[in-house]
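Supplied in C-alpha cells, the structure appears directly below.
Here the chain labels run A, B, C and D in written order, and each chain numbers its own residues starting at 1.
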C-alpha cells in the first residue's frame, strides 16, 4: 500500500459498525455488504474529486491558500504533479474509494505553450495510469478545465474570440484523449464560463450555436477515436458567470434537444448546483431520470442560506435518502457514480480533515442507500403513489390518456357526472413515515 | 363614453408631455406618435388584467379584502358581474387601453354546477361582446382559472384524480369557446397548480404526460372549432405550488419539444415570474425570442428582496428598456401585447389608484420604447456585438462554425498559431452608454 | 373526554415506541419519560396554534378555502366560535398537548363595532375558561390580531392614522385582559403590519417611535392590572409588509434597547421567520439566548427554496436537535413553550391530517430532545469548544480579555512572540459526530 | 501632473454636459457646480478604493488573475508597492477624485515577520504621504486587512486563538497609526472573518465579547494617540463566513449598544452588503441615519439575482437617488464620503475600464444628487409624508404620543369614536412622481 503522505492513517479506513465512535472508521459503509442484488460499492461507486481534495488549498474569495499540502511543496511543477498523484492514490486506497475524477489541469500543470501543456498531460498521464494499475482505482470521468485560464474569461466554446474557441476545442481533444487512455468511464462538460455577464455585449443565440458546434465536434471526435465513455453535461445556473447557459437539468435537456445533441449526452447532477438554481437536489435528479438522462452525480451539499457554491460534503441524511430513492428507482447510475465534489473548509487545515470529510459523505450515502432500499422494498411511497393515480386506470381517466375522447366528449361527461370527490394528499403523514425510516 | 364608476375621471387620460405634473396625464405615452414605422399603440398593445384591476380587493395572505369597489356591491353574482363588466370597459376607455385579458371566472361567477357556470359565462360573454363593440376595446387573451377552485388543489391537468382532469378539460373548452366568441387574439395556459408539493406523493413523469395530453386535447379542439388565436404558456417556478412544471422559459420549451407540442404554442413571459425563477426579465424574453416563441408579455415587476409574486406595476425604466429592445429586435409581439398583470397595493384603496398604476406602467413602457428604438437606430450595442464576434467571419472561426474542421485539425491550428489575444468586454463602458440614453 | 369532532380518534394518541408503524401513535414522545431532571412534557411544553389548526381552511394566495371543518358550519358567528372551541379542546386532549395559543379574533368573531367585538371576546372567553378547567389544558400565550382587519393595512401601532393606533391599543388592552383572565403565561406581539411598503410615503423614525410608545403603554397597562405573564415579541423580516421593523432577533433587541423597553420583553423565535430573514433557526435562538431573551419558540419549518412563510410542521431532525441544544443549554424556556405555528397543506383536507401534522412535530422534537441531551451529557461539542478557546485562559489572551494590556503592549508582545500556530477547526469531524447521534 | 501609467488619458476627465457622447467625459459630475449650498464635490466626497482599483486583477473563485497591470510588474514587492502608489495618485488626479481608501496590505506588502510588515507600511506610508501632498488627494479612511492572511481563517478579534487576536490588535494599531499619519478622516472596521462557520465549534457569546474587547482597545488607543478620525463599522451578513456578527445596520448598532461602544462608532453602509442581508440599500441608510450613525458609504451595487458580493460600480439611478435623499436629509456625511468599493469585471482587462467604471459611478451619483435635491426642494415626498401623519398633531394622537393617556383611556375613546376612516397610501402615484424626476 502507498504510505507516504498520510502517515496518521496506517490502514485503510475500516467499517466498524454503527456503535463505533472512532472518527476514522465507517459506521455504515461496508463495501461488500449486499443491498438488494448489489454490494454497497457497486451501488454507490464513490469517487474522489482530484481538484478539491488534492489541489484545494482552503482559498476563498477573500483570502488565498490557508494550507499547503506536503505534496505541493516542490517548486518544480512536474515534480509537484507527480507527488500529488502519488498522494492522491494513497488517499484513494486508504479511503477505500474505487474511483476518482479530474480536470486536465488538476493532474498536470499548464505549460508555457499549448504544446507543452499537452506534453505535461501525457507525461503525468502515464504515471497516473501506472498508479491506477497498481491500486486498482479507476477513472470515473475526466474533463477539461476551461475556466481558470484567463483566456476563458469570456467563455470557451462560447467565446466571442474564435481563437479562444479553437484553443478550447484543442484542449478538450487532449482531455478526451487522456480520459480514453486512462479508461475513463465518462467524460464531463461543465461550462462554467459558457454564459454571459451582460446582454449589452452578448449575442445569446450565436453563443448557443457556438456551444452546440463545440459539443458536436466533441461527439464527432469521440466517434473518430472510438472512445466509448459516456458524455455528461453538468448544469449550473451561475457563478462564475452572471448567467450560465446550462442552468439546470431541464434547460440543458432543452438545449441538447434543440441542437440535435440529445442522443449523445447524459447529465451529471450536482446537489449544490441544483439549489443555486432554485431546485431541490431530488428535483434535478428526477427531471434527468425521467428523461433517461441521469448519468452521474456530484455528491455534495450547499448552504441554503448562502448564495454561492459552498461545496460541502453531503451529510444531510434526508437529502441523500431522497437522492438514493431516485437512483435506485432507475436501477443505478450505470457507468456514472457519486463523485464528492466537495472541499474541506478553509479552517480544516489538517490532511486528516480530508478523511473526515469523505468518511462523513460515504457513511451518509451508505445509510441513505439502506434507508431508501428499505422504503422501496416496503413500497411505502410507491404504493401510495400508485393508489393516488388509480382513477386513470379505467373510465374517463383511461379514455383521456388513451386519446379516445375529445374535449367535447369530456365536457358531456362532466355535465353528466357532477363534481369530483377530493381526497387528502397526506403530505404530513408521508413526511412522518419518511421520518420513521430516518430515526 | 361610459361614465358611471369613475366620476373623478371625466375625460380619457391625455398625453400632456414630459413637463406635465398632472398625475392623471401621460408624459410619454402618445398613442398615435410614430416610433419607427408603427405608432406607440401598435408597438405596445397595452392590456388591462381584468382579475387584478376589476376583481382585486387588496387581499394578501394575512388579510382579506381591504376595499370594496362600487361595482362589486350587488349581492347577486350575475348583477355584480354585469356591473363589473361595465366598470371595466369604462376604465379601459378612460385609460385609452385597447386590450384586456381575463380568466373565465373573472368575468362570470362560478355556478352551483358545472353547467350553470357555463351558462353564466355565456350570458356575461354576450354582454362583454356588446361592450367590446361599443368601445372598440379588444380581447388580447382569455384563459381559464384552474387554480382558485379547491378541486384544483392537487393540480388541474396534472391532478391525480381523473374526474378533476376531466373537469379542467371541460372548463378549458368553454374558456376557449368564449375567447373565440369574443375574438380573442390569443389563449393562455398558466399552470399554477400544475406542479407538486412533495415527491413523496407524486409521479412526476405521469403528471407531465397528463399535462401534455391535456394540452394536446386543447390543440385538437382549437383545430376542430377553427379558433385561430395563438396558444400561449406562461412559465412560473412556484407559488402556489412548491414546484411548478412550467418553471421558466427554457423548461417550458423543453417540455413542449419533448411532448411534440412545440409547434402549437408560444410563451407569455411575465417579469415577476422571471425573477422568481432566478432569471432576469430580459433573460426570459431572450430565451423565448431566439426560439421564435416570444408571444406575449405580462408586464409587471416584482421586488427583488421578496420571494413572492408582488405583481407591481412596471416602473423601472432600466428593465422596461431592456424588454423593449428584445421586443423591437424581434419586430414586435405579433398578436401578443403588454398585459399589466399588476395590482395596486393593499393600501391603495381609492379607485383612482388603478389609474395611477396603469398610467405609470404605460408611461414607463412608452419611454422605454423611445429609448430602445433610439439605441437600436444608433446601433450602439448591435455594433459592439457584431464587432465582438467578428473573428468568426473568416479563418479558423468560420471553418469551425461551418463544420469544415475536426478537433484534430483545430488542434494542429492551435499548435501552429500560439495563444489568443484578449480584448476587454467593456461592460462598464456599455453600462454607461445605456445610462446616457436613460438620463 | 370530549368526543364529538374527531370520532376517528377514540383515545388520546399513545406512545408506542420507535418500532410502531401506527401513524396515529407517538414513536418518541412519551410525556412522562424523564430526560435529565424533567419529563419530556416539562421540557417541551408543546402548544397548538389555534389559528392554523382550528381556523385554517387550506387557503393560499391563489385560492380560498379548500376544506370546511365540521366545527365551522354554523352560519351564526358566535355558535361557530363555540363549536370551534369545543373542537379545539377535544383535539388538545386527544393529542395530549398541554398548551395552546390564540389571537383574539381566532377564538371570537369580530363584531360590527369595537364594543361588540369586546363583548364577543368576553363571552367566548368564559367558555374557553371552562374548557381549560375541564381539560387541564393551559394558555401558553394570547395575542391580538392586528393584521387581518383592513384598518391595519398601513400598520397598527405604526399606522399614520392616529385613530387606527388608538383602535389597536384598545384591542390589545382587551387581548391582554382575556389573556390574564385565562391564566396565559405569556403575551405575544407580532407586528406583521408594523413596517413599510415604500420609503416614499414613510417616516421610519416616527413609526418606530410610535411603536415604542405602543409597547410602553402595554407595559404600563400590564403593571396596572397586575398581569404577570411574560411579554414576548416575535421577529419577522417581511410578509405581509415589504419590510417589518422587528426583522430578526438582533434588530428587535436593538429596537427594545434603543427605546428603553428591553427589561420588559423577551423574544418568541419562529423557525420560518428566521430563515426568511436569512438566518438559521439556531442562529436566531442563540442570539436571543445569549441576550437572556429567548422566551418562547414558534416551532415550525419553512422551505429553503420558497420565499414565503410556508409554516410547515417541524420534521427536520437536524434543525430540531440544534434548537433543543440551545434550549437545554439555557435550561429551558421558562414560561415559554414550543408552539406549533404550522398548518397542514392545502391538500390535507382530512381532519386526521391535523393529527398527523402535530404527531410528526412532537415526535421530531422528542427525538431531538433525546439526541441533544445525550450530546450535552457526553460533552461532545462543549468539550471541543472549551478546548478551542483555551488560549484565553492565561497569558496574553487572559490579559487582553481582562483589560490589563493596551494595544501598544500587545504589539510589543506580538513582535516578541512571532507568528501563531493554527489548528484545524474540525468542521467535517464535528458534523460527522453530530450525525453519529442522529443515525 | 503624474503621467506614466495611463498614457491614454492625457488630461483630467472633464465635465462636458449631458449631450456629450465622449465616454471619457462626465455628463453630470461638475465638481464645482453648486447644489444647494455646497458644490458637487463637497456633497459627494468621492473616494477610490485602492484594493479593487489598484490591486484588483480580475480574479474570481474559478480563476486567478485575468490581467496584470503595468504597475504590478516588478518582482520586488516594495518596488511594486511604490509603482502602485504612483499609478494610484495618477489615476486619482486624472479622475478628479479627492479621496481614496486603503487596507494596510493594499499599499504595502506583508513581510516575513510582523515587524517587517510594519516597516514596509511605514516606508510606503512616507511615499504615499508625499503623493498626497503633491496631488492634494486625501485619505478618506484607512483600515487593516484582517481577512486575507490565513491566520485569520477562524476570525481576527473573534479568533479562538489568543495569539491571533493579539496579532490582529497589533496590526490594527499600526493601521491606525498610518491612518493618523496620513490625515485619514475616518478609520473603518470590516469584520469579514468575525463570524462563524458552524455553531458546533463556536461560542458565540464569548466571540462577541472578544470582539467588543477588541474594539474597546482600539477606542482606548485612539484616545491615547489623539487620533481624531471617526471610527466606522461596515456591516455585512456573510461571505466569506457563513454568518458574520455585524450582519446589518441594526444588528451592528445593537452590538455596539450592548457592549457600551455606541458613542465611539458610526456605520459605513455598503449597497451590496445591504442587499446580501435582505435589505434595500436605502433601508440600511435610513436605519443608520435615524440613529445618527450614518458615517460613510461604500457606493457600489450588487446583482439582485446573484448571492455574492459582485461589487459593481453604482449605475442604477433609482437606487442612487434614494441614497442621496437619505444623505441630503441628514445634511451630508460629515467626515465620510462615497467610496467606490467596486471592481471592473474579469473581462474588463484594459486600464481604461477603470476610468469607465468610476466615471459611470460618479455621473450616476451626480445625477442622483441633482434629482434628490430637486425632490427635496419641491417637498414632493416630505409634504405627502407630513400630511400622512398629521392626525398625530392633535387630539388622541397627540395625547398618545405625549404619554398623557393610558390604554384604558384610549379604549374609552375608541368606544366613543367609532371606526377610523382610511385613506389611500398612494404608492403608485408616488412611484410615478419619483419617475417624473428620473425621466
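The rule we apply is simple: a residue touches a chain if its C-beta (ideal position, glycine included) is under 8 Å from a C-beta of that chain, and two chains touch if they have at least 3 such contacts.
Since the model is a prediction, treat every value here as computed from it, not as a measurement.
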Legend entry - Neighbouring chains shared between chain C and chain D, ordered by label: A, B
Legend entry - A-C or A-B - the one linked by more C-beta pairs in contact: A-B
Legend entry - Inter-chain centre distance, chain A versus chain C - centres from mean C-alpha coordinates, in Å: 39
Legend entry - CA centroid of chain A to CA centroid of chain B, Å: 36
Inset, instruction - Provide the list of chain D residues touching at least two other chains, using ranges where the numbers run on. - result: 150, 153-154, 197, 238, 278-280, 305, 345, 347, 349, 422-423, 425-427, 431, 434
Legend entry - Interface residues, chain B side, partner chain A - complex: 113-115, 150-151, 153-154, 160-167, 169-170, 172-174, 197-206, 208-210, 213, 216-218, 220-221, 224, 237-238, 243, 247-248, 250-251, 253-255, 257-258, 277-280, 282-283, 286-287, 290-291, 322, 381, 384-385, 388-389, 391-392, 395-398, 400-401, 403, 406-408, 410-411, 413-415, 417-423, 425-427, 430-431, 433-434
Inset, instruction - Write out the stretch or stretches of chain A touching chain D in their complex. - result: 58, 60-67, 147-150, 152-154, 192-193, 197, 238-240, 242, 276, 303, 305-309, 345-347, 349
Legend entry - chain B-touching residues of chain D, taken from the complex the two chains share: 21, 23, 27-28, 275, 278-280, 304-305, 313, 315-318, 344-345, 347-350, 352-353, 356-357, 359-360, 363-364, 367, 422-429, 431-436, 438-439
